[in-house]
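First chain written, first letter: the chains are A, B and C, and each begins at residue 1.
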Amino acid sequence: MTDVTSSTNLYAEVQQFYATQMQRLDSVDVEGYAATFTDDAEFIHSPGQPGSHTRDGIIRDVYKVAEQFKTDPQQRRHWFNMVNLEPLDDGSIKSTVYCLVVKNRPGQKPDFVSCVVNDILVRVDGALLTQYRRVDYD
Amino acid sequence: MTDVTSSTNLYAEVQQFYATQMQRLDSVDVEGYAATFTDDAEFIHSPGQPGSHTRDGIIRDVYKVAEQFKTDPQQRRHWFNMVNLEPLDDGSIKSTVYCLVVKNRPGQKPDFVSCVVNDILVRVDGALLTQYRRVDYD
Amino acid sequence: MTDVTSSTNLYAEVQQFYATQMQRLDSVDVEGYAATFTDDAEFIHSPGQPGSHTRDGIIRDVYKVAEQFKTDPQQRRHWFNMVNLEPLDDGSIKSTVYCLVVKNRPGQKPDFVSCVVNDILVRVDGALLTQYRRVDYD
């Protein structure tokens, strides 16, 4: 339990978690990406629109998004930075993170989308998972 | 004092500090932002121009900058990265950091400004604070 | 040896290492930059083209690249992020990192290049060094 209480070790662990999570998404390892969420996760991609629920729901919705890239091929890179952690009383961790989505289309300069990721992270069997995510676009 | 001497724990602590500091600035929590500087801080925004001095001075100058955004609305996001720390003999920490200011204006693609932040961080009552900051623009 | 086995301390150490390494490159401290590679390092800048070998080779090739900037002056900033570490059985560390090269030309908006850095890091006399680097461009 040392990692949970030591905020400095936790900080590196969260950064490694996000690197793994988003590199999986960007390499279209959809199942591997969904495995970084809890079974009962809620993921609100766009405020005002229905979110994804459960790992199966996330898998379905990510494949749906990937469909669009067939007609608009691009290598996306999700950059998370300025990770702001706040351990909550129930043992979960509130994480507020800046995100830049870098969209690389063949022969074009990168395109950027700026947003803020609002996460609740929990520890399940020792490993960090995302239980809740809401993305707010700038 | 463990955190001060262990550069790896210090590293995460500085990253968390910068995340807190700049998320406050970007959400226009001006007083909260100024509270991350020492009482006697010096903040040189633009080389060759007079800097801000003391927390009160920083508050005044940040509000002045915020005035401009009334006619040019934008959500700014300050990204700090490539944090390079060098503990100094007097117990303070020299921190040299790359910064991208992401300016999000309604309906437009993000605009970027690249700069380098040169900080001296000190520990006051256990917490990190910025004592000196000079921003060099690329 | 604590740092080697504690992945969370290692994480901060790698981030500090990359900050030092790339700030040296961006300030054209070519010898200092090359010193962050092992004597026998291999550095593949562009897949399909011959890489740089050994510190001397890296110095020679970086000076060659710097030549181009005489007719196209620019302050480059190499941003590494989303650091994904995987300790290998032989004690080395596989590091997969997102990189944005920010090119700042006088009077122009920054230009960006997105790539992925694939490193093998090793510890020599206690310090991290890059033994192998392959850059894949998006």
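Quick note on the criterion: a residue touches a chain if its C-beta (ideal position, glycine included) is under 8 Å from a C-beta of that chain, and two chains touch if they have at least 3 such contacts.
Source: prediction; values computed, not measured.
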Angle, in degrees to the nearest 5, of the Cα rotation that carries subunit A onto subunit B: 120
Chain copies touching (subunit A, subunit C) - same or different residues, decided at half shared: different
Centre-of-Cα separation between subunit C and subunit A, whole angstrom: 26
Two or more partner chains touched - positions in subunit C: 8-9, 12, 81
Complex interface listing, subunit C residues touching subunit B: 3, 8-10, 12-13, 15-16, 18-20, 22-23, 75, 77-81, 102, 104, 109-110
Interfacial residue positions of subunit A with respect to subunit B in the complex: 7-9, 11-12, 81-85, 96, 98, 100, 111-114, 138
